[in-house]
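Reviewing the structure listed below.
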Amino acid sequence: MNRLVLTIILLTAYIAVTLPLSASLKSRPDLVKLGYTPSAEVLKYITADQKLLAAQWNVLKVLFYYGTLLDKWRHNIPVAAEYYNMYRTICVAAKLDPYNIDIYYFAQAAFTWEVGRVKEVNALLEYGMKYRTWDWYLPFFTGFNYGYFLHDYKQAAKYLQRAAELSGQQYLATLAARYYYQSDATEMGIAFLKTMLKQASDARERRMYQLRIQALSAIKYLQDAVRKYIRDNGHPPRDLKSLVSSGYIEKLPRDPYGGHFYVDKNGKVKTTSKLALHGKNSDNPK
Amino acid sequence: MQHFKLIFSATFVAIKRDRLLHALAGASLLLFLLVPVISMFSMRQVQELAITLFLSSLSFTLLIFSILLGVFSIWKDIEKRYIISVLSMPIKRKDYLLGKFAAIALFLMFTVCLMGIIGYGTITFAAHQYQSEIPVSWPNIFTAMLMSGAKYILLAVVALLFSVISTSIFLPIAGTIGIFLAGSATQGLYEYINSGSGAQDISLTGQYIIKALYYLLPNFSAFDYQVYAAYALALPLDTIFYTVCYWLIYTSFLLFCASIIFEKKEFR
Amino acid sequence: MNIVEINALSKEYKVKKKRIRALDNLSLTIQKGEIFGFLGPNGAGKSTTIKILTDQIRATSGSATIFGIQSNKAEARRQIGYLPENPAFYDFMTAREYLSFTGKCFNMPESSLAERTNQVLATLDLLDAANRPLKGFSKGMTQRLGLAQALLHDPDLFIFDEPMSGLDPIGRAMVKKIIKDLKNKGKTVFFSTHITSDVEVVCDRVGILVKGRLVAIDSVEHIMATGIEGYIIQIRGQDNKTEEIKVSNSELNGVIARLLADNVKIERVNPVAHNLEDFFLDTIQAQVPTNESQ
């Protein structure tokens, strides 16, 4: 009898404490940190036959960290990203397991758009191509980077051609051809992202692409309106609000990265957020 | 032969009835069940990650088993004085040692097979979740598993050798782990000193030490076929052949040394 | 043929860089059918001798043969039933399993093994515990199992290292009976002990080992005979009271004849013996000064 009473008391007390504890923990400010990764040389020797696991562990660590960042940004909570640390961790992983596709995927997704480290990413992709000789994604990324970010259309065409040959997909060859003629990079970007989105299954990855498509579409939408405005008035609008007041657009779209869109003197639509276009006005830390 | 068989079966029964091993086997089984779940975290290589995780768990399980069995099976017999009752029967010490080894080796291979069946299920399941452009190459996975088994049998012999040399438990455990880490790293270091930058960075004496260690210590990284399994790369058949020969010779040599030392050992 | 032949056997241990002589030039032979007691204080070298005979340790010099075979050969152990001091057996097995393991080690045929197993289990009163894992065995039960596994393959030589230790009085009686039975079957038994009364009861011959050296070896009968100092004769007198008369060795026959002539009822005649324990203690005592003078 006594035992039963004691059990009930303890159980009740446990529930009474657990619920408020978990509630209060939820409101605790969480530190978003990537943490330190030992160098590849050290890891290579101490992980013995668990190199692949160590590589994947590092990748997953970065993926989770980045996922948290995306969530914060979506809710307009400004958090500084440890881009250099992320890049370093990814490179460590690549040295441990050069075959791991997640590394190249993530590098492509995270370090080109926001950070503008296109050359470094391309070098990493080149490194991966030495191992993943069958994979058309790596030349596809490299080609896109050359065209979209670096405006080196010749290199872009070369890599896209290689991707087309490896994949046997004709539209890649068409894309390669279009690089010679077209310069509307925003549209190219959206096309690229839509291709990626179609093949993505991972929820975080899809969210990443959707977010970026949303941002690019907003810019394209605004850019089209600005272009129309210039055609009609002969000069760019003073600010984007005037596009609404003069009826070119219904309302200003929101920057999903939490910034504000604006138009510069030359009539180019830009944003104050992390979404750096064309790899030029990026605000990377290092 | 009769005595070899008797020690072999007695050791196998001992392993089968060991509570600690039951707990560890249960824990590693849990690890295997987690494989498909954790694989989902990968963006683009669910199947490759599942294979990696599977082989990693197998490797880890075998590591624990080989050290425990290699170190404890003879040490415990000596420590608890079972060995006096056993060796005072007309059993040759060589038969006792080889019987122990055979039981441990068979148990490790048995673990490989059992885990292989579980792995077949988990990898197939994970591969269905997300279609990879790389096919699942079962011959490669089985090769990696068998090589893993061979490697940890070799490690168990290292542990046996230590447990025969030492009377304390500390040296066998620390020594075996040390040899495992060093033996896994020598290939990388050897390649490094033979590369341009490595030859400059490391002193000549250092280079000789590394070379000596490379040829002296068991080369565990030679048995690592995880990359071939995860990314279905073409298997280097000649390397596999040499590795198997290397394993046979190295294992025999260590057993030979252990049996010489064991022959001289006194049980006071 | 000598069953056991020990020839100038010496053993040195190194303990912390110090050489310790555990066994010093021991020579000893044991004949067939003999029950030999190896007596000595703790650390005298009894176990060392037995461990050399069963090849657990190796002699520094000298040699030993069993049935004419060098004792470090596995073949030599085929005819030995050995009980280690404080024995320990694979504790994951049951008693029956362990005996089966032992029997197979001695190449016993499967057919006789099961029957023989039951016999020895019954002899050592272990039938009830036969199918229990050895993990749960008490010290006395383990000791009895040790005897069981030594008896199992019915060898011609038994080597018991402190067979009585860890046993209760019933167990001790059991062991004494077993050794006597073995003697009746013509087996040879070599056992070590530090308890003199055990030797007195069962042994034919006794060797006394002190600090690694064999200091005395003699038949028990002879020791007991030389040790008799006189007799106590117990008689019942006229008023039905018992009386004791002390007589010397030489007086014995005369006194008994006189008593019988007087029609006195003799109830008991006990020798006043200088017993084995006194002999043992005297031998050791005699040994100490010479050892210290060395």
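Which chain is which? They are A, B and C, in the order written, and residues in each are numbered from 1.
Heads up, the rule we're going with is that a contact is a pair of C-beta atoms (placed from the backbone, for glycine too) under 8 Å apart; a residue touches a chain by one contact, two chains touch by 3 or more.
For clarity, every value in this text was computed on a predicted model and none was experimentally measured.
Taken together, the touching pairs link the chains end to end in a line with two free ends. Most remote chain with respect to subunit A, judged by CA-atom centres, is C. Relative to the centroid of every protein C-alpha atom shown, the closest chain centre, again from C-alpha atoms, is found for B.
Remark: subunit A and subunit C have CA centroids separated by 86 Å (rounded to whole angstrom). One finds 41 Å separating the Cα centroids of subunit A and subunit B. Spacing of subunit B relative to subunit C, judged by their CA centroids, is 49 angstrom. Annotation for subunit B: no residues touch 2 or more other chains. Counting partner chains per residue, subunit A has no residue touching two or more of them. Touching of two or more other chains is recorded for no residue of subunit C.
Listed in rising order, the residues of subunit C touching subunit B in the complex are 13, 51, 54-58, 74-78, 80, 82, 84, 86-93, 101-102, 104-107, 146, 149. Against subunit C, the residues of subunit B that register as touching in their complex are 2-3, 6, 10, 13-14, 17-18, 80-82, 84-92, 264, 266-268.
If you check the complex, the residues on subunit B that touch subunit A are 41-45, 48-49, 52-53, 55-56, 59-60, 130, 133-134, 148, 151, 180-181, 184-185, 188-189, 220-221, 223-224, 226-227, 230-231, 233.
Those residues of subunit A whose C-beta lies close enough to touch subunit B in the complex are 44-46, 48-53, 56, 59-60, 63-64, 97, 99-102, 105-106, 132, 134-135, 200-202, 204-205.
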